[in-house]
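This is the structure I want to talk about, given as structure tokens.
Chains: A, B, C, D and E, in written order; residue numbering restarts at 1 for each.
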Amino acid sequence: MTAALIGLPLFGATVLLLGGRRTNAWGHYFAVAMSASSFFVGVATFMSMLGRSAEDRTIETHLFDWIAVGSFQVPFGLQIDQLSIAFVLLITGVGTLIHIYSIGYMAHDENRRKFFAYLNLFVAAMLLLVLANNYFLLYVGWEGVGLASYLLISFWQHKPSAAVAGKKAFVVNRVGDVGLSLAVMLMFVTFGTVTFSGVSAAAGNGDATSLKLIGFALLLAACGKSAQFPLQSWLLDAMEGPTPVSALIHAATMVTAGVYLIVRAHAIFDLSETARTAVVVIGAITLLLGAFIGTAKDDIKKGLAGSTMSQIGYMILAAGLGPVGYVFAIFHLLTHGMFKAGLFLGAGSVMHGVNDDVNMRHYGALRGAMKITYVTFGLGFLAIIGIPPFAGFWSKDEIIKVAFEQNTLVGLCTLVGAGVTAFYMTRMMTMTFFGEARWEKDVHPHESPSTMTIPMIILAVGSAFGGLLLLFVGDIEAWLEPVTGFATSTEAGGMAWLMPTTLLVIAAGVAYAWNTYGRRPVPVVAPAEVSLLTRAARNDAYGDAINEAIFMRPGLHLTRALVWFDTKGIDGFIGGFAALIGGLSARGRKLQNGYARSYALTMLGGAALIAFVLYLVRL
Amino acid sequence: MNGESVVFWITAIFAVVGALGMVLSRKAVHSALWVAFAMVNLAVLYFTLQAPFLATTQIVVYTGAVMMLFLFVLMIVGVDSSDSLLETLKGQRLLATLFGLAFGALLLSGVASTIALRDNGLDVANGDYGGNIQGIAHLVFNRYLLAFEVTSALLITAVIGAMVLAHRERWAPRKTQAELSRERTFTSQVTPLPNPGVLARHNAVDTPALLPDGTPSQASLPKQFRETSHEDEAAKEVTS
Amino acid sequence: MQLTTLMLIPLVGAIAVFLLPAAKETLAKQVALAVSIVTAIDAIRLALSLDNSSGAIQFVEKHEWIPAFGISWSLGIDGIAGLLIAMATILVPLIIVAGWWDAENSGRGTVKGFFALILALEVCMIGVFAATDLFLFYVFFEVMLLPVYFLIGRFGGAQRSYAAMKFLLYSLVGGLFMLASLIGLYVVSARTLGQGTFDFVTLTGLHMDAGTQKTLFLGFFFAFAVKAPMVPFHTWLPDAAAEATPGTSTLLVGVLDKVGTFGMIRYLLPIFPDASHYYAPIIIVLACISIFYGALLAIGQTDMMRLIAFSSVSHFGFIVLGIFVFSSQGLAGSSFYMINHGFSTGALFLVVGYLASRRGSKKISDFGGVSKVAPVLAGVLLISGLSSLALPGMSSFVSEFLVLIGTFSENRVAANIATVGIVLAAFYILWMYQRVATGEPSEEVNSTVSEINKRELVAIVPILAAIIALGIFPQAALKYINPAVSDLQKYVSVVDPTPAFGALTEGIGS
Amino acid sequence: MNPNNYLILAGILFTIGAFGVVVRRNAIIVFMSVEMMLNAANLAFATAARTTGTLDGQVAAFFVMVVAAAEVVVGLAIIVTIFRTRRSASIDEANLLKY
Amino acid sequence: MKPSFEYAALAPIVIMLTAGVLSVVIEAFVPRTYRRGLQLPLVFVSIAGSFVYLVSSATAILNGDAAMTGGQYQGLRQIAAGGSVAIDGPGMFTQGTLLLVAFVGALLFAERSVDPQGDAFASRASTLPGSEDERQFTAQGWSQTEIWPLFLFAVSGMLLFPVSNDLLTMFIALEVLSLPLYLLAGMARRRRLLSQEASLKYFVLGAFSSAFFLFGSALIYSVAGSMTFGTVATALTDTLQDPILLTGVGLIAVGLLFKVGAVPFHQWTPDVYQGSPTPLVAFMGAGTKIAAFGALFRTFYVAFGGLRWEWRPMMWVIAILTMVVGSILAVTQTDIKRMLAYSSVAHTGFILIALVATTPSGISSSLFYLLAYGFTTLGVFALVSLVRDSTGEATHLSQWAGLGKKSPVVASIFALFLFALAGIPLTSGFTGKFAVFTAGVEGGANALVIVAVVSSAIAAFFYARVVVLMFFTPETENTADVVIPSYFTIAAIGISTAVTLLLGIVPQPVLDAVVKAGVFVR
């Protein structure tokens, strides 16, 4: 049954890829069908799990022995438990919605078939990632997702910037994957096994240093995939891909894989304090960095990408807080999946309306022309900044509460983050839908077709009531507790003052954004002389520049030097050696000067040499 | 200083002087004579070494025949051919002296070893078969018979070599006196060709002689002075 | 007698093709193809019928050749040799199909000469892997140079005679040092066993003192290091690979270079165990240098063929690293890596060959936007590129990971360095793909680069299928490699280190 | 008077002969020097015959003379051909075959 | 007392000598036109006869001997002709090789249809080059049939040289062997100035080195009291390290090393190989080296065996010099015959390794190496004589460009021989090198083997350069064309190719014969 989850989209992808021209006509419907059927299978499994008692909810299926060399045994097994079913539902659910959305979005793209094939491939890879029962198979899913994101980012291959972005994303992910492979190696060396059950069982008697090292390696992997602080530069360039891609991959599913990895390896993180603090620090930094970048971005998708980066910073931070934070990290992940996908799809329909122009300064007063997009985008907006009844509030508020309990400084960061999030989301909302119209000449915005708006509506509903549903009806804490372990915070309700202060901070952010962008007219061309901070934000806090300076430029210089060394150095040396022999030979030839007398002279010299050697021997 | 050492020291010095004379004299013939002189001295030494047969063969065969052959060849090559003593090859003389001295020193250090060779004389050996010659003959025709036979091959090779390289054959039978005279007379030009300038106004070498019928004879001019146009005419003159 | 018959088929084929009249070109190709397919089938049948319960050498056959020196024509294969022969014989027919018109395009030499040389090369390849007599191995090791020398020299590109000469000299010098060590080994075996011998099995039993082992080890290692290009001795590979026809480069890099690493596994470790342990650290350093050096140089290349050649230098760094770590994962990983590298580099060379034969140049800058003009060709290029950078789900990932995990248990620093190396692999492949396939196609590319045709597909698809199949079911090959590796470890008397904190070893999966 | 003096004399003559071969340019003189070296060898043989008391030395000297005679004939024949071709007997003339 | 003269043992030498004398008689009495018709059969019959006799007497002695010495094989053992000849295993094997080489050499000598004017030797050697006489003699088709007696005497000298058991016989054999070769060297039909110069140089240096040999043997005789190797060997053991002895050994070494072409004495080889007529170079290159090494081994293993620790360092120095100089100088040669000459010097160096090894395997490996090397040299030079242009042989390397395309058969056989010289497996050269290197390592000369490996790597370069020149470079207008020879040369090339391949692929029977040849008799 669980194998079918992965099998269906994989089958869809292979059929479409190998099918070629013949599948163009019905290709996309077939892909949607595959994704939907995988969703229904997921729901069915979920229902059956609900039926069973808490302990025996995990279903373990072993397909075959993948690698068996000496003591390194890696089974090709799938494991579905409470944590992974949550992810499955998110992936297949949001995935199917985005498949439907892309029918409309990609309607007039000539290799649409290939797009849907890659989408199905992505869903299959992501499912493999979350369903694997050992870290090695997870690594395979991990890289599969990276490949799919590469293919989809650089989907419009004729655009050079897309190709560069795709390559950059893949290479930076590869750097993260180094961490994951090191972690798997460390696990094998210390515990002798790589399966989740094996590792968590043996984690108890692991020594502190190797646990710490495994923790750091896993964190590096998470940073790579979830675009956390050191390796975050690729996420903003990834917006080159079509918007459904950004929605599915760079908002809902792929970027959260890092969080899933840390939560799945909670056995390791529970035991090493330093690893957890590192995760929290990284989470906090990225949270602030993402928000800070979001404030100055004029491109709507890049703004949303900055906000994704900071929301994931929240989740990583929560996961880093240990058993108390895992549940809320996953809870925020699910709600974020819904409202961020909604926002992206909204941005997509906005772009669709204004002939694919991404610059928010050319929007303004779109609420009249695109009613549905306005409403759904508005609901998503309210959810993300954390207004009480909506999904964002419940999950983010819990994280802020837990953060304050653990460490006030971290709590403060989350609070400031919430404020800045409110600021840039309101800025985006006002620049796009309110103020006066700053449209280009031939632009006359219209509402997107129904295939695009229906998924937006569903997601808007999700972002509105999702939080309530999960927290109270589904009781997510109880649901995840057996898998991730859940310790209720020490003093219940002690922080009464916390709820009002967060709402106050959010209100301040909204107000400030409203009066800078709401009331005053927004200049169509971005003002040049701006404060140092804004300029830094515009070029992603110079993240790319730093990478360029530290790695790329010296790397290329080193390569050029090595190429020179290779041709001149080694070849030079060998050539020199050959030239030496040639020179010796040419000079030696001259000795043979044709005179019989000089030959006789050499013979006489030779006789003297022989006599001398024999004389020496006699001594 | 018994008789033998006296003889030795005189002949030894003469032999060395002869050798040096050979190497250092400018004219080839002088070198040949110096070599002959040195060989004679060696013959004397052989007598002191109880080898009368050897001494005589040295005088008769070696100095007599071989050196004379050298002189004959010298005559062919040119008796007065002398080569200046200055050296053409760069560094040849310097290196030659260096290697020569080094080799000589090593050779002599080896030979002049402290162990004096036990000199037990040849009286016994000479006495075995009644004299030196009989002893040698016994050895040559018993112990070294194969060597003796093989040297015959050597001598035949030498003879063939001399024949092949030096003997000049004729590729056509020798012309008899009758043939020569017929050849001269039947060819057109019986009388000797006229000298340039004969019966002409002046005897410059480029003025052609006049034929009996008064026409200038191109054949009388040396080849270089004939005008090219008349070349065929001259040739016709000769052959017709 | 099975192995000799396996070798006889291509030999007879080569002679037959050579004796065909020069005019009948297509007949020559068809005969060559048929012969190579028959050989491939026979080789696969042999490889599959290996019983993988024991790592011992099977299908042994032994006939006296030169008893005076204890030399005998003895053949036999274990798991690793069997798979390498299978890989080699599978590649040859595909290369013949891919290089159908290479002989004509090169404009020099006869077509039948080209295919006869390839079949002759196949004979030597099988021979070198199947020999269990050290002298026979050396003979094939040297004779193998001649067909390649003529293939590069006669049918190569502009600089062919320079490249052919360089290749011949590098390998010959290496071979000669090996000859010196071979003789030393013979003399030592003559002293200890009374009668000098070259038989592999008896030689492994010979326990020499560490001193002689060290010197003899150097001779062999130098020859193998030149053959499997390790950094200081690698400069011949890029020239040879760039100048030869794509088919020849595939065989050159895909199979011939494996002789070096195969030699290390089959002859160095068992015969000179102490010397292997003694030199292991230095060689590991050299291997890491090769990994980084090859990758960095690949980034700096402007010619596609040279780029692939340098990537092979980096891959060989991994293989050697896996061998000299002596852990079972490391050894199994490098043996499996040899097979995968054959397929992945083979695929890359063939695709680049297609591009070069269409565009007429191998420069990366002459391409651009191929995916717009020939999407399937670009797709195939991408897949083979990804297999070369060891993307999971493909065979080279499994082997590369095994090598890394094997290295990790022995020498953590080297493992960390090597793992970082895989990032560079991703960079140069994707940068090449980006410059070749993406972006707007220039009008020359538009006019010349046509879509991949059926013949070329038939040549490349089996390789890609093999790559993906071995990626998903690596056990199909590993099941043959494991017994051979466990035997190897017995020789080198190394046991895998037990995990520091053994988990309560409950059953893992079924 | 110990017989080593004879050997020393033979050595000196041999070295002078060798020096002659190397220094002189006229082919015939070079050949004479070789003959001088052979004579030195003969002297050594004769001395050795006396010191060892066996006649083999003298037989050897005798054979050397025969060989030397043959050698002279061949040598001079070759020198004559060289002379006829090049009009000079200098051994340095013959330097076309070089390097 | 009656001189002892064992005809059975000396048969090969006696047959060749009588053949020589008979051919002189033919020269004297038979008119010019029929001489060739009589000389050829005489030569081939005499060589074949003596080879058959040699082989039959060898097997006879072998079986008989084996029976006599109770089966433990001690090799053929007989001292003949009053002690001046030692017929034993290695001696007989060398004589057998020499006769085979002489047979193929005679084939090349007899070749007449390669050069439009006739065979490789001048019509009249005494005529002045470029003179009217020469033109007339050539026009009338005269040919110098005196080459056959000289050839036969040279062969008999070579047969005697390796088996002579005392210094005097060895000296005389050396002279009998060398004088005919000096003469033949000067009788080339084409480029006669070079040929005469080659014969002058060969003669002067040959005489110079034989003088050294003579003086050395005199010194040895003065210490040992006799020139026979047996007595010399016993005398050495009891006299303490007498300096006269070592000087004698050194001087004899000079004489023999000159004949073999070892480095300080090698300078005659390139000039003589380039100047002399090619059939002679083929025969002399193979024959002299085989005979000289036979003598060298016998002298240094039998006579000076006791002084092994004294003369080995000297031989080490000579071997290293020979290998290195031989291969390095060959790299930048532009003339094919000069290049092959330097490569022959390098091969001398390899065989010296077997000499330095002073083990029984040293003798057997050198015998095998010489057999293999002999036939490869004959084959190579036979092919060189085929590549001609209007003026004669095209020996400049540029004239060999693109020969592979012009006449693939000749080019590929030539490539085969080059690979044999380089020592590529499956050729006789490789088995020879392998045997010699193994002997060297057994004899403890490891460093020599390393030097040998390096120099054969350098050698591989200039062999490969010629192969590249023939096969990979395009044809130029001054590429020489290949002449189709008569059956003589075809037979010669066929035999050499067959031997080169057989000794590479199936060397076992010959290796057995070589080991059975055993060691020298005292």
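Keep this in mind: a residue touches a chain if its C-beta (ideal position, glycine included) is under 8 Å from a C-beta of that chain, and two chains touch if they have at least 3 such contacts.
In this text, all values refer to a predicted model and were calculated from it rather than measured experimentally.
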Practice problem: Identify the chains in contact with subunit A as well as subunit C, in label order. | Solution: E
Self-check item: Most centrally placed chain - per-chain CA mean versus overall CA mean
Solution: C
Quiz prompt | Chain pair with more C-beta contacts, A-D versus B-D | solution = B-D
Practice problem: Select the chain at the greatest separation from subunit C, using centres from the mean of Cα atoms. | Solution: B
Quiz item: Based on CA centres, what chain would you say lies at the far end from subunit E?
Solution: A
Exercise. Find the geometric centre of each of subunit C and subunit E from their Cα atoms only, then give the gap between the two centres in Å, rounded to an integer.
Key: 45
Quiz item: If you average the CA atoms of subunit A and of subunit E, how many Å lie between those two points?
Solution: 80
Quiz item: Between subunit A and subunit B, what is the gap in Å from one C-alpha centre to the other?
Solution: 103
Quiz item: Which whole number of Å gives the spacing of the CA centres of subunit B and subunit C?
Solution: 72
Practice problem: Please set out, as single numbers or ranges, the residues of subunit B touching at least two other chains. | Solution: 89, 92, 96, 99-100, 103, 106-107, 109-111, 113, 117, 143-144, 147, 151, 154, 157-158, 161, 164-166
Quiz item: Multi-chain contacts in subunit E: which residues touch at least two other chains?
Solution: 125-126, 168, 172, 175, 179, 182-183, 186, 200-201, 204, 208, 219, 222, 243-244, 246-247, 270-271, 461
Quiz item: Which residues of subunit A are in contact with two or more other chains?
Solution: 589, 592-598, 600-601, 604-605, 607, 611, 615
Quiz item: Which chains touch which?
Solution: A-B, A-C, A-D, A-E, B-D, B-E, C-E, D-E
Exercise. Would you mind writing out the residues of subunit B in touch with subunit E in their complex?
Key: 106-107, 109-111, 113, 115, 117, 141-147, 149-151, 153-154, 156-158, 160-161, 163-169, 171-172
Self-check item: subunit D contact footprint on subunit E (complex, rising order)
Solution: 125-126, 128-129, 168, 171-172, 175, 179, 182-183, 186, 192-194, 196-201, 203-204, 207-208, 210-211, 214-215, 217-219, 221-222, 225-227, 244, 270-271, 274-275, 338
Quiz item: Along subunit C, where are the residues that touch subunit E in the complex?
Solution: 64-69, 138-139, 142-143, 146, 150, 153-154, 160-161, 164-165, 168-169, 172-173, 176-177, 179-180, 183-184, 186-187, 190, 196
Self-check item: Residues of subunit D touching subunit B in the complex
Solution: 1-20, 22-26, 28-29, 31-33, 35-36, 39, 42-43, 46-47, 49-56, 58-59, 61-63, 65-74, 76-81, 83, 88-90, 92
Quiz item: For subunit B, which residues count as touching subunit D in their complex?
Solution: 2, 4-5, 8, 12, 15-16, 19-20, 22-23, 28, 31-32, 35, 38-39, 42, 45-46, 49-51, 53-54, 57-58, 61-62, 65-66, 69-70, 73-74, 76-78, 81, 83, 87-89, 92-93, 96-97, 99-100, 103-104, 107-108, 111-113, 116-122, 124-126, 132, 135-136, 139-140, 143-144, 147-148, 151, 154-155, 157-159, 161-162, 164-166
